[in-house]
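Next come two complexes, and both contain chain A; in the first it sits with chain B, in the second with chain C.
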Partner chain A sequence: MNKNSKSFELLFRGLAILLAVLFASLVLLLAKANPLEAFRYLIVGAFGTTGKILDVLVSWVPLALATAGLLFTFTAGLWNIGVEGQITLGAVFTTAALRLLMNSGLPPGLIIFLAILAGALGGALWASLVGVLKIYGGVNEIFGGLGLNFVSVAITIWLIFGPWKRPGTGSMSGTEPFPRELHLPVLGNSNLSVWSLVLAVLGIVLVYILLRNTYFGLRLRAVGKNSRAAFLLGVPTNRYAMLAFFLCGIFAGLAGAVQVTAVYYRLIPSISSGYGFLGLLVAMLVNFNAIWAALVAFFFAALNIGSIQLPLMMRLDSTLSGVIQGSLVLFVLLMDGVRRRITGKR
Partner chain B sequence: MNVELRHIHKHFGKVHANNDITLKIPSGSIQGILGENGAGKSTLMKILSGFIQADSGEIELDGKIVTITTPADAIRYGIGMLHQDPLDFPPLKVIDNFILGQPGGLFPRRRQAVKEFMDLCGHYGFKLNPEAYLETLTVGERQQLEIIRLLWLGAKVLILDEPTTGISALQKEKLFETLKVLAKENKTIIFVSHKLEDVEGLCDRVAVFQRGKLVGEVKPPYKTEELVQLMFGKAVSPGCREYTGLNDIAVKLENLSLEDARLQIKHVNLEIRRGEVIGLAGMEGSGQRLFLRALAGLQRPNTGRIVVDGVDMSGKNYHAFMKHGITYVPAARLEEGLIPGLSLMEHVVLSEEKPGFFIDTGSATAETNRKIDEYYIRGTAASRVEALSGGNQQRALLALLRSPLNLVLLEHPTRGLDIESAIWIWSKLKDRCRQCTSIVFISSDLEEILQYSDYILVFFGGKVSKPLEAATTSVARLGELIGGKGWEEHS
Partner chain C sequence: MSKRLWFVISMLVLAAMLLAACGPAAAGGKEVVFGMLLVGPYNDRGWSQAHYDAGLYVQEKLPGTKMVYLDKVNGADRPGTTPDKLAEDLLAQGATVIVFNSDDMKDAAVAFAQKHPDIPVIHASGDNSWKDGKDFKDLKNLYNVMGKMEYGKMIAGCAAALTTKTGQIGYLGPLINDETRRLASSAYLGARYCWTNYLGKNPADLKFKVTWIGFWFNIPGVTSDPTQVADDFINSGADVVISGIDTTEALVQANKAAASGKKVFAIPYDYKTACDAAPDVCLGVPYFNWGPSYVKLIKSAQEGKFAAGFEWLAPDWADINNPDTSAVGFVKGKALSADAAATLDKFIGELASGLNLWKGPLNYQDGSVFLKDGETATDFQVWYLPLLLEGMEGQSVPAN
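What follows is the complex of A and B.
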């Protein structure tokens, strides 16, 4: 087989998936569980009924939005670890807007719309802060983002137990749920909101178009691959880095807004649910391609939902999904390295 | 220790960096190694100190043939090297740096080391505080530390690579004094430099390198002309030249002063006429690059003004300079010039300012193919730049230059290229001159400078010569100035 062909690359991808499955099996065997049984429950748990599939989509929406945003920062060569905090701030801004407007007499649809916009703004502001710290303060975006993640959690806890606490005493279960008319409408008696699904699909399509064949996408790639050369060729590199953070923040903020308006209907302490970190894993796997990002995000969401079955049926912890996701990313990156070594490409 | 090198060869790809070098250095002497950048002197020293291995040849120490594979090996044999930029650890204390290279156990014998450190300092008259942090020391003091560290580790041969760069005159005097004492103590000193004056004032014998070969060994009394001639070869014929300059000033420097960590350039005044070519000569690190970057707005001047087309560019950044038709072409093609991972077509799109949101792939491909034909680039519009050869990358960089341009600034435009590629690139650049573009370029190739420049500026340790007319300047005169001689008439 030709060593540089596409099929050679796919072979290594397949090998990586196989290794990840083997590794997960090994972990299961160590936990004295039958791997085949566990994988069967995973699949049934994710796709067994229509309701399950819709649940997967509920989990897919915020993950897809966060990943779509991260494609901007990845393309620009930036490690936006702060995406978790940006999701959280999106949720905080959405909650604030809803609280502010809920008694204003405006039509509920408009209030929800404004609240989601506020979420996008919150995420964008929080991400811009990382960008400003990096570009004007010389703070590496990994440290800036990590620090701001902690701050965002602190803000959430403070709001839940302080200014926004439930009547009586505040609790870890979050703020007072919003009335029904301020929820995004759901499909039948499922948990899936068509509006949020549309939002995520639109987001993916938009990122796909922007990064594929536009001047903006090309300049962003140039900054990511060699920012010094891009600067000498006339690309305003700082502006594009800022823009990447800002756009990523918008998408992360939207993910947070969806969590409030379509999933929890209130602000809870861990509102980001780890979708930001999971999105980083997805983005690492898909090589800047938004369509692949959507598919891999769907697979990861299915693992999340499917693994809920494990504690019920086999008394295993549901974190097995995390083991599979993590090992998958590691093996894909590892096999990429092996392939490069074989083909002699650096 | 007697050092003998026999028939040393070293290739880097096509470049024959050391070509059959045979050199005998007796114990207790100071051996000078003189040559241009790229003459092969550093390569030979790296082979002797274990950083790299020779392709073939022998190294003999005190009559015994040895194989040196690492720097640690070299120091075990008694060979220590002082690098041009000290390889030390600025955030650590002096004494920690001193102990660092010592082989041995988990816990260094610190108190003993401090005592020996103080003894050595006392012996050579160095005033170093063992508890000071290294970053508070001057380059000269760091050299002193490095010298006694190597002696402490048992060095009997000391190699010094361009040690007088970046230290004060007083420290230089102290350094030379120390080296003479060391030679009396029967140490072998190898002194690598391009500064004629230093070599003449210090060395018992000088070996001159040119293009990978040892072209001559000279003993005192030294004649400067002889050294210059050995270093740069015989005078070249300028060939046919065509002056493309107009009487119209494109860029004007008024009282420009610049500074970086190593160098200061003071009060430069210069007028660059349209269509004119100015070559910047000098050893690498003498200030040419700093000067060139300032002309592009990549380095802020301390004082003075750069005026382009009558507009004062003070405080403006590179992109503002670009808007005024100034472009910088760096030497590091894949690090600064091009973007590995992107195709030629994508580079063409990036380099042009076109309105619109979507890229018109069809017309961009057509434009790229036109440039590929015009610049004889071996590749296609979809070729990634890192897959092109060096010459093709350089042609691609030229193809990316916008039109029209006021001033092109080039770092080493033909470095690493074969003769035909170099001639072709200059013919393209001269075409630009005929379209009223001025060129300022850096080169370490004197022939290139003499052949293609209208005027030459020589740099030496941050000093800048007056513009020399290339047509009437000789290699010998340039060589002297580059080596730091004959500057009196310039001050």
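What follows is the complex of A and C.
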């Protein structure tokens, strides 16, 4: 087998997946559970019925949107840890818009549309803040993003306990649910909103085209590979970095908007559901390709949904899905390193 | 990664789907499966475990029933999903009756009942099927059940008042709503009654402070830390901490303080054997006993006679600790002195023979009149108590 061939790379990826599965099995054995049984429940729990597959898609939509956004910042060589906060602010802006417009007499469809736009704006603004801190304040985006994540949670909790509290109630369980006409309509008796699915698919396609087939994508990649060289060749690197944050924020904000309009129908403290961090894991695996991002996100969403079976059927904690997701990323990165060593390719 | 890999993965997925589709269909017995959604861990020694144990009680008392359950059903522990969706996972396990066990699941219980009109839904602590309530939804398949824990809390308050030397009682409150206001207020009413009537002391000398953490149990980074709140009570001079939350932090912290030489006590909540975590500082525990009402409701579902309703169950005054009849009980703790225990029994006896502490003159915390002299509160007034009572310290409603 040619050391530099695609199949050699594939072999290492396969090995990484195998190692991740073995690692998860080891964890399961330590928890005195049968790994085969657990994996079977995971798979059946995610794909066993049509309803389950649709549930996976419900989870996939915000994850795919967040991941799609992260591809911009990853391509530009930026670690946008702040994506969680950007999802959260998207949800906050969406909730604000819904609250503002719900009694305005506008048609519900228009209100939802405007609220989702507001979510995109909220995410973009919050992401821009990370960009401004980095470019003009010299604050590394990892620290800026992390800090703003905490701020976003604080804002959410303050809103839920304060100005947006349910009358006479002080509880973290969330704001008053929005009336049914302000929910994105769902498919039949399922939990999936086709509109949110369309949004995610369009988003993925758009990111794919932007990054693959445009000068913008090419330049963004140049910034990511070698910012200094790109700058000397005439790429306005700061503007591109800012743009990467802004675009990522739009997608993260949309993910937050979907959480409010299609999943929770209200604002809750953990409204981001951890999709930002999960999105970072997905983005690390897929090497800037939006189509792969969509597929890996689907696999991760399936693990999320399937893992509910673990406590139900085996009395195991469902965080096992997180163990699998995390170890998968670790082993893929590890095996990439090993492969590069063997091939001598940097 | 290449297309080939994805081809392999898709094939695997497809194979899994086929396997699942060809799997054995749900066993067609006469067994009635009831599904329970627990807001906290099933073994929390508190609210959720009381429900879990009630489920075991149903299995024991009603042959042919089987419980399936999912615990930690809350936004922090199960991100990306909601209780009504998780209830559908229980349906997939064969459940034909669903129990939502938390006030936090109110909206989800209603949404689920609307979406599945053929499935009997039991919601512990809600008011949506109370015809005279504020939030009546008129659903044919939703039943609300709640114990009159007001009595349990009065007994707890009394035990606290009979024990405190500093005259300061701390109430570790969960979130703020109608239910928690009326329970904290009940504890205060019990404490004040025993303080003045049995100890002959001045009610103004009794300090009763409520601090809310924001949810039924600790969620790091979201709620206030109950461990911290309990410590604050103890460090600021309270020598009895009454817990209003689902978990045992108050008891644990009182135990730590006692180990370092302080004379402090605690009263946990919800679960019959909650004192076991620290018996030496435990004055007793007011607890829920959901078993008998669940047996009744699940039996009616089994017989196809389930109908919507609302029940707010008083203790069985013949024996408040009868596991087969009383919805609410109080187990005295090892730390309660013999004198106090005797007085507490007297108090329970008075409650049993009709003593009503929800009786005027009674003012709200802000000084406005709640009940005029001689006036007694209706169930409606107690259930929807809008403010804490005069004499209590702490927030009545969340601040802006």
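By our rule, the second predicted complex is superposed on the first by the 346 of 346 C-alpha atoms of A that agree within 3 Å, B and C clash if a C-alpha of one lies under 4 Å from a C-alpha of the other, contacts with A are read in each partner's own complex, and residues count from 1 in each chain.
The working rule: contacts are C-beta pairs under 8 Å (C-beta built on N, C-alpha and C of every residue); 3 or more make two chains touch, one makes a residue touch a chain.
It should be emphasised that the depicted structure is a prediction, and the values quoted were computed from it without experimental measurement.
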Chain C versus chain B on the shared chain A, clash or fit after superposition: fit
Which of chain B and chain C A:269 touches, first, second, both or neither: second
Touching partner for A:32 - first (chain B), second (chain C), both, neither: neither
Contacts of A:235 with chain B and chain C, given as first, second, both or neither: first
Superposition-derived comparison: chain B or chain C, residues of chain A touched: C
Partner chain(s) touched by A:213 [first = chain B, second = chain C, both, neither]: first
Included angle at chain A between vectors to chain C and chain B, based on C-alpha centres and rounded to the nearest 10 degrees: 130
Nearest-approach distance, in Å, of chain C Cα atoms to those of chain B in the combined model: 18
Residue numbers on chain B that touch chain A, as the complex places them: 318-319, 322, 328, 330, 335-342, 346-347, 349-351, 353-354, 356-359, 361, 400
Residues of chain A defined as touching chain C within the complex: 6, 9-10, 13-14, 43-44, 47-49, 51, 53, 55, 59, 62, 153, 157, 161-163, 165, 168-174, 177, 189, 191, 263-264, 268-270, 273-275, 285-287, 292, 295, 299, 302, 304, 308-309, 311-312, 318
Touch list for chain A against partner chain B, complex: 213-216, 218-219, 221-222, 225-226, 228-236
Touching residues (chain side chain C, partner chain A) in the complex: 1-2, 4-6, 9, 13, 16-17, 19-21, 23, 68, 70-72, 75-76, 78-82, 85-86, 88-90, 92-93, 104, 107, 115, 175-178, 212, 214-215, 219, 221-223, 386, 395, 397-400
